[in-house]
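Quick notes on the structure that follows.
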C-alpha cells in the first residue's frame, strides 16, 4: 500500500540500523509513548537489532491498557442490562474487570458487539430504537474526535438512544507525570504520530524545553521508527532537546484544526484515572454538560460497586518505564494472554503482551 | 386411573352397544356438542359400531375451531411485538390466521409459549417484568373460570404485566342457534359434561322444553358416551324430552357455584363471533371494565387489519350438523391436518380432523 | 373440548388466602400442582377434575359408586373389578 | 495505539451537510466508507489516514515525496522503487 | 485449567477460536475422559481397520432439557447413533463426536456430559475416535448440541430391508413406548409435572446382536422409534410397500404412569418420542421365539400387530371392543392438547 | 410441497417433528438433490462396501454469514470434511450430512445450500449417503448449522504422521493464506468493507492424491489450516515433538488485497482462518519436486519454513531485515485490533 509498504523496505531498515549503531556512543533510554509503536517494534523484531546501548522503554500508550478497571466493571454492568447493546472496539472485550471481562459478560447473555467504528454504533442505535446503545469509547487524542463525531452524528440523525461510556486519556499530561517522577531515567521520547496528527506539536515544545528531552514524532512502520530513533540519538549525542517531526506526511505543526474543534465541542479536559498509574489531573476528556444526554455514565447513574482486586501486577512500573515485562514475577507464569492479570497483557499493544507474543 | 379406566371396560362397551341396537327402532340424529366427545367417539372407533339408524352429528364444541380468524390475527400481531410474550394452549398454535398461524409467527421470531395452564402464564409474567405477557384465553364455560382465575391470581400477586386476549364461547346460545335454524334435523343432544360441571343443568331445561329435544349430559369415556346415547335413544323412542344427567360423578344440578362466581367476577356476557358460524348474540364472555387493565385487546388497541380470506371451507355447515366432513370437497385433498383450510381440521377435536385422523 | 382428568388431592401445598389454595393432585404415578380456588370444599383425599391447571369439580364419590353398582349389576357376568378400585 | 492506515479517497458517497460527508476510501483492493467530517479539505484523489471509521488527516503528498527523495538519496544503491508508486 | 474462565466456570467464545484455550478444553475435558489409542493420535481424522460391509449413520441431538431423569444429551447422542447402526444389523464400532456449545455454558455441565458419553460408549462397546468442538454466540444455540456419526460392521447373517416384509408378518416392539418422551415432557417449561418416569435411553446393539445370531435373515426389518413416535415408523412401513398394518391397541405396552401423563396432557402414546424402543418385523412362524428373546431384556416386549394387504398404506388400530380407527402420521410435533 | 409453509417459504418447527412435514422436506429437497443408490435406501444408516484401512473425520460448520463471496456453508461443509480426510492421506468416499435448522429459515436458502452441497460433493468425488435434519426454535440457532462426517480409504502409499517429522524438513504451504477468513470478515456486521476477496474453499483431495501417488511416504505430514489460521497448525507441529520451526516471513503467500484488509483491521494473516490451505512437511531433498506439484494447482505455493531443533516448541519468524519474533498460538478468536 502506498505510504505504508515503502516504509518497510528491508534495505532502508538495515541502513538506518547501521546509522544508529554508528551514532549511538552513549547509553540512552528512549520511550515510545505509543502502544502501536511498541507493537511494531516488537513484531518486527527490531528491539533485538538496536545497539545494546539504545534501550527502548514502552510507555503507557495503549488506551485499552490504561482504561480503569472500574470503567470495565461499568461496561460489563451495562452490557448485562436487558435493554442495552454495549458496543466496543475488539481490543477492549478481553480486558479483565473486577468481576469479569466484556467477553465473559457476553457469554452470560450480555449483548456485546464488536465494532470497527463508533459511527457504526449510531447505525445500530437507529436500527434498534427500543434499545439503548452504548459505545465504550476509549482512546487517546487520536480517537477522541471520532468518538465525539459519533455523538454529533447521532444528534444530526435524531438518534436519541445512543450514548458513550467514555474514557479518554491525553498524552502530554502522562508524559509530564512520567518525567516528574524522581526516579525517571528516560532520555528521549518518540512522539505518538497519530496523536500529533490531531493535536499538532504545540503541547510538546514546552515539555521538551522544561524537561530538556528531545521529542521526535514518529510514524509506525519500521523505517519511520528507526528514522525517529536515529534522530533522537543524534539529538541526545549532541545535547539537543528539540521537538522534531519525522512523520511529516501525516503530522502538521498545527495538527488537525477541525478534529480539535469537534473534540472540544463534545469533550472538556478533566481529571482521569489511568489503570496501573492512578489519577493524573487534566489528563482526560469528559463529556460536556451540553451533551449529557449522550453520556452513559449520567444516563445510567452508574455505581462503582466493586473494589479493585488486589493484584501482583506491576503494570504501573511497566508503563512508567521502570521495569520491563520480564521483570514482573507474574509474567509468562500466572499472567499470560489467555489469562491476563493486568491490562498490559491483554491488548496486543500492551507492553507485556507485545513482549510475550513476539519474543 | 380411578374414575377413568373403569369407564373403558370393553365388556360394558359391548353391552351398551347391544342395548342401543335393541332400543333404536327409528332413525335418530344426535348431536354431541362437545369436541372432546367427538374426539373420543372417533378415536375409539365407536361411530362404526353404532346402529345405522343412530347418526352422531358433531357440533361446534371445539373452542379452538370456533375462535374467529381475526382474533388469531391479533394474537399473531401481538406475538411479533418485541416486548410481548404470547402464551397459548397447544391446540391453538397451528390454527391458520389470515396471514399466518402462531406457529409460523414463532418461526418469524414471535415469542410464543405453549402452556398447560393460564396460571402458568402469570408466573411467566412475574419472571419477566420487562415484558408484557398475554395469554390467548379461548374456551367454553369449562375453561372460562380458570382464565378468570388467572386474572385474579395476577392481581393477587401484584403482577401487572399480565393480560388475556380472550375469546370465550357459551354452549346454550350455540345450541339455540342450531335449533332455531329452519333446516335443523337434530333429534337429541349429548350435553357437554365438563361445561355442565361448571354451569349445572339450569340453562338446559328451558331449551329441552322449548325445542322438545332430549338433552343427556355425558362424560367422555366410551361407557359414559354410550350410556348417554342409550338414554337419549330411550327418550326419543318414548317421545320424551328431558334434561337427564348421566355424568353424575362430575355434574351437579346446580353446577359449581364458586366457579361461576369467579367467572362472572371477571367476565360478562356479550355478543361473540363463532368461526364458520358468524355472530351469535349473548354467546360469549367479555372482560369487564373493572379488569380492563388485564384485557390485551384494550391495552394494545388492536386493529383488525386483515380481511378474512375467502375459503372453500364449509366449516359452518359441518359445525351446524348439515354436512359431514367427507362431504366437504376440500376434505382430505386441499385440506389436511398438515395444511388445514379451516379450523375444524386443526385441532384434534375439530370434527374434520377427528374424522381424518381416526377413520 | 375441555379435557379434564380426575385425580386425587394428595396435599395442600400452599394457601395464599381463603380463596387461593394450591394442592398437589395425584394421577397414579403423576402429580401436578393444581389451583383449588374453584373448589373451596375440596379436602385431601377427594378426587377432583383437573382442567388447564385448576380443579373444576369434586368427584361425587357416592354418585360414582352408585353408577358403578348399576354397571356391575347390569354386567354381573362381566369382570368389572380390574381398575375400579384404588 | 491508534491504528490508522492511509487510503485514497475514491469518491464522495454522501453528503449530509457541509460537515458530514462520507467518502469511499480505497486501500488497493479494499474499500471502506469513511466519515470525512474531520477532514473538510479532503478532495477525491487525496490520501487520508483512516482511524476507526473516520479520516483523521490528509497525507501531505509533498512532504511524503520529500521524505522519499531523502530516503532514495540515502540509499542510492538500494532498490526502493518496488512499492513506492501507485 | 488455570484460566479465568475455568474459575468463573463458563465456556466463552475464546474456547471455540481454534487457539490455545480450545486446546486446553480438548486436553482437559474431551481427550481426558474419552482417550483411546485411535483418538489419541489427534489428527484431522481417525485411522481405522475394519473388515467387511459397513453401516454408517449420523444424528444431531438437540434435546431440551439437556439433563432429564434417566440421562442427558450425552448418553442420548451415543445411544442414538449406536441404535441406528444396530437397526442396520450392524455391530457399532466407532463414533465421531461433534459439539456445538453456546457461549456461557457451564464448564461443569460440559464435563458431566462428556463423562456420560464415556459411560454410554463403554456400555455400548464403541469408541469415540474423532471429534470437533465449536462455540457459538449466546442466543445462537441452546446450551449444547451434539452430533454423533457412527460406523459399524454389518453382521454376517443380517439381511434387513423394508423390501423383505411380507403379508402376515408379525410386528413386534421390544419395550414400553412413550417413556422417554414423557420423561422429557415432564421437565419442559409450562408443562412440568411430577413423576418417577425415567427415560429408557439405552443401547440396543447387544439385543440386536443376539437377534442376528439367533435369527439372522429371519429379522426382516428393524427400526428404532424416536421422533414422531411409534406411528412414524409404522408409517414408513405402510408407505414403503403395498402393505398395511393391523394394530391391536390393547397390546401396545405403555407404563401406567406414562399413560397417565399422556391422559393429563391429552397426548397419544403412539406419537410420543422414544429412545431404546424398536420395531421388529418377523415371519409369524418365529414370532414367539423372537418375543422370547426380546423379553429377556424387557418383559414388556409385545406382538402389537400384523402386516396385511387388506388396507395398503393404512395403519388400523382396533380396540378391545372392536372399535377401529386409522393411525395417521404425525403432523408436526405433537403438542399437548388442553381443551 | 403444497403446504402453507412452502407458500410462505419458511421452515418452521413442524418440519423437525419427525412427522409428515419432515418427510416432505426430505423428499422434496434433500433426497431430491442428493439422491444416489446408497442414500435412496433411506434406512437408519447407509450400507457401504469398502476395502482396506479407513480414515474417519467429523466437523460442524457454524459460519456467519452463511453465504459469502466464493461459497456458502454448504460447500464449506463438504470441502471441510473432504479435506480433513485428505489430510489423513485418504481418498474421501462417503459423507454423512446433518442439518440443525433454526425455525424461520427461508426454504429457498435451504434449497440453495443443498444444491451447493451437491455441487461440492460431485466436485470432490464423494457421495452423501446418510443424513439427519433437526429444526430448533427461533433464537436457538443461527439460520443453519451443518455437520458432515466422512469416511475415506487410506492411500496405499500414505504414511502421514506428526511423528515422522525430522530436523531440516521443509514446511510448505499450498496456497495463499488468510483469504477465506477475510472474505468472511468483509461481510460481518460492524466490520464490513468492500473487496473482491473471494473465499478459496476447495476440495484438496485431488491434490493430495497426486502427492501420494508421486511421493508416498515422502509426504511426512499434512494438515489443513482452518480456524486459528496457519499459526495453530504450526503450533501443533512445534508442540508435538521436540522441534521448532523457523519461518521466513516474506515467503508467506498473502494476496495483496487480503493483506490490505488485514492492515485495515489490524489482523495478522497467520491467525486468520483458511479453507483450501494446507501445510505439508517434506524432507528437504524432495522440497522442490513437491513445490512444483503444488504449483500446478496454485503458483502461490511456497516453502515457508524449516523444522529445527534450535528452539524446540517455538516458532520464530524472521523478517527480511533480520528481525525475529516468536509466533505464539492464538488466544481465543482474533478480534479486529482498532486502537
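By written order: A, B, C, D, E and F. Residues from 1 in each chain.
Basically, a contact is a pair of C-beta atoms (placed from the backbone, for glycine too) under 8 Å apart; a residue touches a chain by one contact, two chains touch by 3 or more.
The shown structure was predicted, so the numbers you read here are calculated from the model rather than taken from an experiment.
Asks: Shortest hop count from subunit A to subunit C along touching chains?
Replies: Between subunit A and subunit C, the shortest chain-hopping route counts 2.
Asks: Identify the chains adjacent to both subunit B and subunit D in the sense defined at the top.
Replies: A, F
Asks: Starting from the Cα centroid of subunit E, hunt down the chain whose centroid lies farthest away.
Replies: D
Asks: Quick check for the class: compute each chain's Cα centroid; which one is farthest from the centroid of subunit F?
Replies: C
Asks: Top contact pair of chains, counted by C-beta pairs?
Replies: Going pair by pair, the biggest contact count turns up for E-F.
Asks: Please work out the Cα centroid separation of subunit C and subunit F, and write it as a whole number of Å.
Replies: Centre separation, subunit C to subunit F: 61 Å.
Asks: With chain centres defined as C-alpha means, what is the inter-centre distance between subunit C and subunit E in Å?
Replies: Chain centroid spacing, subunit C to subunit E, equals 36 Å.
Asks: For subunit A and subunit D, what's the span in angstrom between their mean Cα positions?
Replies: Each chain reduced to its C-alpha mean, subunit A and subunit D end up 22 Å apart.
Asks: Residues of subunit E that touch two or more other chains: which are they?
Replies: 12-14, 19-21, 137, 139, 260, 263, 266, 331-332, 337-339
Asks: Check each residue of subunit C and list the ones that touch at least two other chains.
Replies: Residues 1-3, 5, 27-28, 51-52.
Asks: Which parts of subunit A, given as residue numbers and ranges, touch two or more other chains?
Replies: 1, 4, 11, 63, 89, 94, 103, 116, 120, 139-140, 142-143, 338, 349, in rising order.
Asks: Which of the chains touch, listed as pairs?
Replies: A-B, A-D, A-E, A-F, B-C, B-E, B-F, C-E, D-F, E-F
Asks: Which positions of subunit A touch subunit B when the two form their complex?
Replies: 82-83, 130
Asks: Considering only the defined contacts, which subunit D positions touch subunit A in the complex?
Replies: That would be residues 1-8, 16-17, 19-20, 27-28, 35, 37-40, 47, 49, 51-54, 56-57, 59-61, 63-64, 66-68, 71, 74-75, 78-80, 82-86 of subunit D.
Asks: Can you list the subunit D residues touching subunit F in their complex?
Replies: Going by the criterion above, the answer is residues 1-3, 5, 24, 27-32, 50-52.
Asks: In the complex formed with subunit F, which residues of subunit B make contact?
Replies: Per the stated touch rule, the residues are 94, 96, 100-101, 103-104, 106-110, 338-339.
Asks: Write out the stretch or stretches of subunit A touching subunit F in their complex.
Replies: Contacts found on subunit A: 1, 4, 10-11, 13-14, 17, 42-46, 48-49, 63-64, 87, 89-91, 93-94, 103, 113-116, 120, 124, 138-140, 142-143, 222, 337-338, 347-349, 356-359.
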